[in-house]
Amino acid sequence: MLTFDPAIGFSSAVLAVQSAESGLKDGFGTNAIQDFLVGVKPEYVPAWAVPLTAIGIAIGIVLAIVSVLAMFSTWLERKVSGHIQCRFGPMRVGWHGWLQPLADGVKLLLKEDMIPLGADRTLYVIAPALVLASLLGAMAAFPLTETFYFANFGLGIFMILALTSTTTIGVVMAGWSSNSKWSLYGAMREAAQVVAYEIPLGISLLVPIMVAGSFNLIEVSQGQGGGYGILNWNIWPWVNPFMLPAFVLFFVAILAETKRAPFDLPEAESELVAGFMTEYSGIRWSFFFMEEYAAMFLYCVVGSFFFFGGFESPVTSLAESVGGTNSLLHQLGAASTIVLKGFAGVFLMMWLRWTLPRVRIDQVMTMGYKYLTPLALVCVLGAGLWEAFIAPHLWWRS
Amino acid sequence: MNFQGIYDRIRSIQAPGVTGMDEPREPNPQDKKDKGRSGDPYVLVDPQRLPEFLECLRDDPSLKFELMADLTATDPSKEDGYLWINVQLLSLVRKHRLAVKCLLPKENAVMPSSVSVHRGAQWAERECSEMYGITFEGHPDPRNILLPEDWIGHPLRKDYEFPEEYHGISCK
Amino acid sequence: MGLFEKQFEDNVLTTNVDWLLNWCRLSSIWPMTFGLACCAIEMMAVGCAHHDIDRFGAGAFRASPRQADLMIVAGTVNFKMAERIKRLYDQMPSPKYAIAMGACATGGGPYYKYGYTVVKGVDRVVPVDVYIAGCPPRPEALLEGLMKLQEKIQASSVIRKPIHTV
Amino acid sequence: MSTTKTYEPSISRTEGRPLAGGEREYMIDVRTQDMEVNMGPQHPATHGVMRVLVRADGELITGAQPHLGYLHRCAEKIGESVEWLQYLPYTDRYDYLAAMNNNLGYSMAVEKLMGIEIPRRAMMLRTLCAELNRIGSHLIAIGTYGLDIGAFTPFLYMFREREWMMALFEKICGARLTYSYIRIGGVFNDAPPGWLSEVEAFCDTFEVKWREYYDLLIQNHIFVKRTADIGVITREMALDFGLTGPMLRGSAIDWDLRRDTPYELYDEICKDKAFEIPLASGEKGTLGDCWDRAWVRAMEMMESIKIVRWCLDKIEPGPVIGDIPKTLRIPPGEAYVGIENPRGELGHYVVSDGGKIAVRCRVRGPSFVNLAVLEELMPGALLADTIAIIGSTDIVVGETDR
Amino acid sequence: MTAVTHYFKNVVDSVKTTLIGLGITGKYLLQKPITVQYPDERLPIPNRYRGIHYLEQEKCIDCLACARACPIDCIEMDAVRHGKELEWISFTLDYQKCMFCELCVYPCPKDCIHMGTEFAFVSYDRSEFVHDLLSYRGMARDAKVRMVEAEKKKKAKEEAKKAKEGAQAAVVAEAADDEGEEASSEDA
């Protein structure tokens, strides 16, 4: 029945603390929560308690964000799939089924906690926690506005890529420990697939990184400011013509990274029953799909930072011109912009999922190594040449 | 080609194992017990030579029965001492059909397998053997196909008695 | 949950908590992708656009029994399959439910008399909560059966002491 | 045992599998222990309750063995136990996706024994319903095939049109799936007023929607890549295994019982050249691969629409059932009638001894015969291809097991 | 086709067909769903629908034609005959077996068993599926009246018959007497 995995709490805490701490040490930006805490700190509280409290609050907020994201995404998925298929999706659980994720969540909590007889119990229990925890750690690097974030890294995108890649370890652990052949297949596919698509993902991100000249998400966003909040987005061909193909490659790669159709081979329902999570039930299983939806959102946010202007949008620029930089209005505009952009990406992924068939494992590999990687390299080469020889002569890039 | 033509051809190439033929006929008005016979004409073949017969018909250029549509058996009645083996042949090139029938004694229901001629016969023979208890000699995979491995009896025989229970689940 | 399960007396709080938990359970009954025969086609029709079982929150057909709550036995069960059905049912985590859809799963159906391999009712193998008549039942009848199951879940007790002790 | 013929294995393990465009993918020759995986009986892609025991070397399949009988419902025994007419509802239930065709086949076999003529309007309605049902069956075949490949949405679109078709059948005979509409001697009910124009409206809409399925699924690049060059059935193999229907035409063998051994009104329809028989050409890969079979099914739906339109054009008022006694006594004899079911040749072999009950009521299920080729196609495929191959044989387990 | 063109054809094809697919699904995303929300809205059920049976009990004559026509013997009926009138004990239809084939409807000589448009029959207990089609048990009131009347009539008839017979006998006797008389007179 209801179980709470100490492992999830522990490992997520460790990872998030580490990430947050490194962010603080970085001294690159100031933490909004910490600022706030310093402001309200009573005299008798020692100074060292402030960052610790800030970290605790940050972890809580990240957890809440991830679960709300997952819940909203499941609802969105069911509604989008429903309407694409000429039906409604959830309708009777709350208004248009908006309470559906809540019901699902509570039901999954109440389900019997099953561990198969032949399973490796330790790994079986740790795996879902590790999967979710690595994603929680990655979420720490996601800035909601230019001044509101948990950790601001110089190498923010590296942090995200590195931590999200560790989910693979959890998935492989899950597949191996389940003692089921389908799970094993799923896990092996996941390992092969993620390794293959890390490469084009990283390479295609090099293009906007080159244009922005920074790995930091906030800086990349700031670099796309001006032009009514829309004209300076990296994606436009007048900024760099190799950006659009790079984005397409990036998008395909994140589809594969997040195990979404048409690359949902690790959990391919018609082939592998439920892939690596065949043997998981109840709340442990829900960790996997929470991770999936949160990862989708996170990658889409990364995509919007690097290709679609980040916080910059006409709304943000309007809010800035009305309220001034760093006003609450501007902050709200920036936050809503990035969340909306993230969900637009999530929506696109869902739309693709409910349109396309699934590819085969050898085609996934072929696509990753033979198509995406070389094309991404070509993009990087082209973008580099453009940046070196043409961009300096363009008056709008000066 | 109609049935008569096919039969003549079978006769002229001396296909192995042919013992006769039967055609539908009108009932005899004098004899009240004779109701006649309707339906398809068929060729009677010795079951022990069925594979050779099928191979001969498959390879004959003017018959070309290259597709075996069906192979099945029939238990005409409890009292009858023979099972029928019914084969339906089809020629895609010549666009004709032929029904073949063999009489197999119930006491010794053993006959050679036709899998070497038509591989499509493989599953059909497996079904026949579990349903009627016919042994096909030389069959590559003589297991039950539809019934469980430990099923008792041959259900399509007319003297089959329904089981009382199977693995603890009552049948009534 | 094990600590709290069926421990408490009836009172306003426990009744309301029970109501809420039951509501969550009945709003998200995930069936298993498990079709046997003709009724499976109607089961598919229920998932499709015209009837859309997803409106009830029961549209997430799970292929793995571990993640499913409901087994819709849609079709004829024969002896060869019966053992597998038992195993699949055992693999589902509780609380789990079973619906016998159609005449065959209910009581052998048209194969009652001469079907030598047909199990005369799936309740000889697994416990069944709701039976649906029809051969095959209309998709609406399956929805009706789902609503009947929801009524049953709503009446069950989660943290209260069960009223009827057997 | 040397009784089985061996084919040249289509893919040798060390050479790797051929890919489109002459590419060749090489598998690293590391031998590990083969793994035995049970696919089914409860598996989303086995179309019901079939079990395939797969031997796999990693993702590469080295052998597969289908196990049937999880839905054996003793249809033939029942045929020998109940009266002639009483067996008719059971014919609905073995191939539940094409119940009209089953009714037609059984009725025709019994009628052949009785030697009776049936009224022309009944024949028209029979042909019309059988063709409509063929569309419905192919819709499910392609839809579930898409589902196996991973495309969920086309399946729901196809079910939407099928639902319409089922509503039409419900109006004419009162049931959605198990019709028992075509009876011995005709059909049991005339079409209700306005029904034929509704069928016409269905045809008009279907032709538009068909284009969508074709673009969304059949021509989709991923679908093509998943199904082309997979599960290639050569001409010799097809004949040797006795395959029929779209499986045969997918290997470009020009054979259709509707045209080559005409029954009912197909003689006239062929003379009018109202429809043609789509033959695969190996357009996307090797001839006889899974994509060809799916394509043949997709094209056949449009041909069926043409036949339906022909029937709507030519139908005239008249009686719909001949003079049939309430208790049938069929003259002794034996008859085999094969008709073109959506899955291939559906044969009914009936033997009568002149009584009220049949002596033998054999059903030659096309999917039972077509499935046998699975063992031959599997070795060398990838695990994901097994699903593509099973799906392309378009089996109905109710019919393989009967 | 060279490898290079093949390579780029693959890229172009996949992008093109994906866009076409997205267009089709996107079109439906914006359209109104076609779902009929069942308990609130219902699809029309055609008249010929083969649903749960109903019986016009007044017409039924307990002839067992439907039970004989049923392939699985799911109809059982029991009634006691009082002359022409029936005292109904049971008329059950076992929906654990029934396959809704409508074969029971046609042989009925009185056209009294029908299949209705009711389709939803769900239960927690399968024994409820042995469904009694009777709307009343025993005898209908008018049937009772008719029976009583018929009995009265019968009695009256019998009495009349007796009376008639008596009268006839008397007449015969008289006639015989007459004849005898005549004969005797003739003799005389």
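Just so it is clear, A, B, C, D and E label the chains in written order, and each chain counts residues from 1 on its own.
Rule of thumb we're sticking to: a residue touches a chain if its C-beta (ideal position, glycine included) is under 8 Å from a C-beta of that chain, and two chains touch if they have at least 3 such contacts.
Given the structure is predicted, the values throughout are model-derived calculations rather than measurements.
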Shared interface partners, meaning chains that touch chain C and chain D: A, B, E
Starting at chain A, fewest touch steps before arriving at chain C: 1
Partner chains shared by chain B and chain C (touch criterion as defined above): D
Maximum centroid distance from chain D, chain identifier (CA atoms): A
Chain at maximum distance from chain E, centres defined as averaged CA atoms: A
Central chain (by mean CA position): D
Pair of chains ranked first by number of touching C-beta pairs: B-D
Chain D and chain E, separation of their C-alpha mean positions in angstrom: 36
Distance from chain E to chain A - Cα centre to Cα centre, in angstrom: 64
Separation of chain B from chain D, taking each centre as the mean of its C-alpha atoms, in whole Å: 24
Residues within chain D bordering two or more other chains: 43-44, 69, 72, 74, 77, 82, 89-90, 93, 153, 156-157, 160, 178, 216, 220, 222
Set of chain C residues in contact with two or more other chains: 33, 48-50, 52, 55, 63, 80, 110, 113, 116-117, 135, 138
Residues of chain A whose C-beta touches two or more other chains: 82, 84-88, 91, 269-270, 273, 354-356
Touching pairs among all chains present in the structure: A-C, A-D, A-E, B-C, B-D, C-D, C-E, D-E
Touching residues (chain side chain A, partner chain C) in the complex: 1-2, 78, 82, 85-93, 97, 99-100, 102-104, 106-107, 109-114, 269-270, 273-274, 277-282, 285
Chain D residues within the chain E interface of the complex: 20-23, 82-83, 85-90, 93, 153, 157, 160, 167, 170-175, 178, 180, 188-189, 192, 212, 215-216, 219-222, 326
Chain D residues within the chain C interface of the complex: 41-44, 48-49, 69-74, 77-78, 81-82, 89-90, 92-93, 96-97, 140, 155-157, 159-160, 163, 166, 176-178, 397-398
Complex interface listing, chain A residues touching chain D: 81, 84-87, 181-182, 185, 188, 261-262, 264-265, 268-271, 273, 354-363, 366
Chain B-touching residues of chain C, taken from the complex the two chains share: 79-80, 82-83, 116-117, 119-120, 124-125
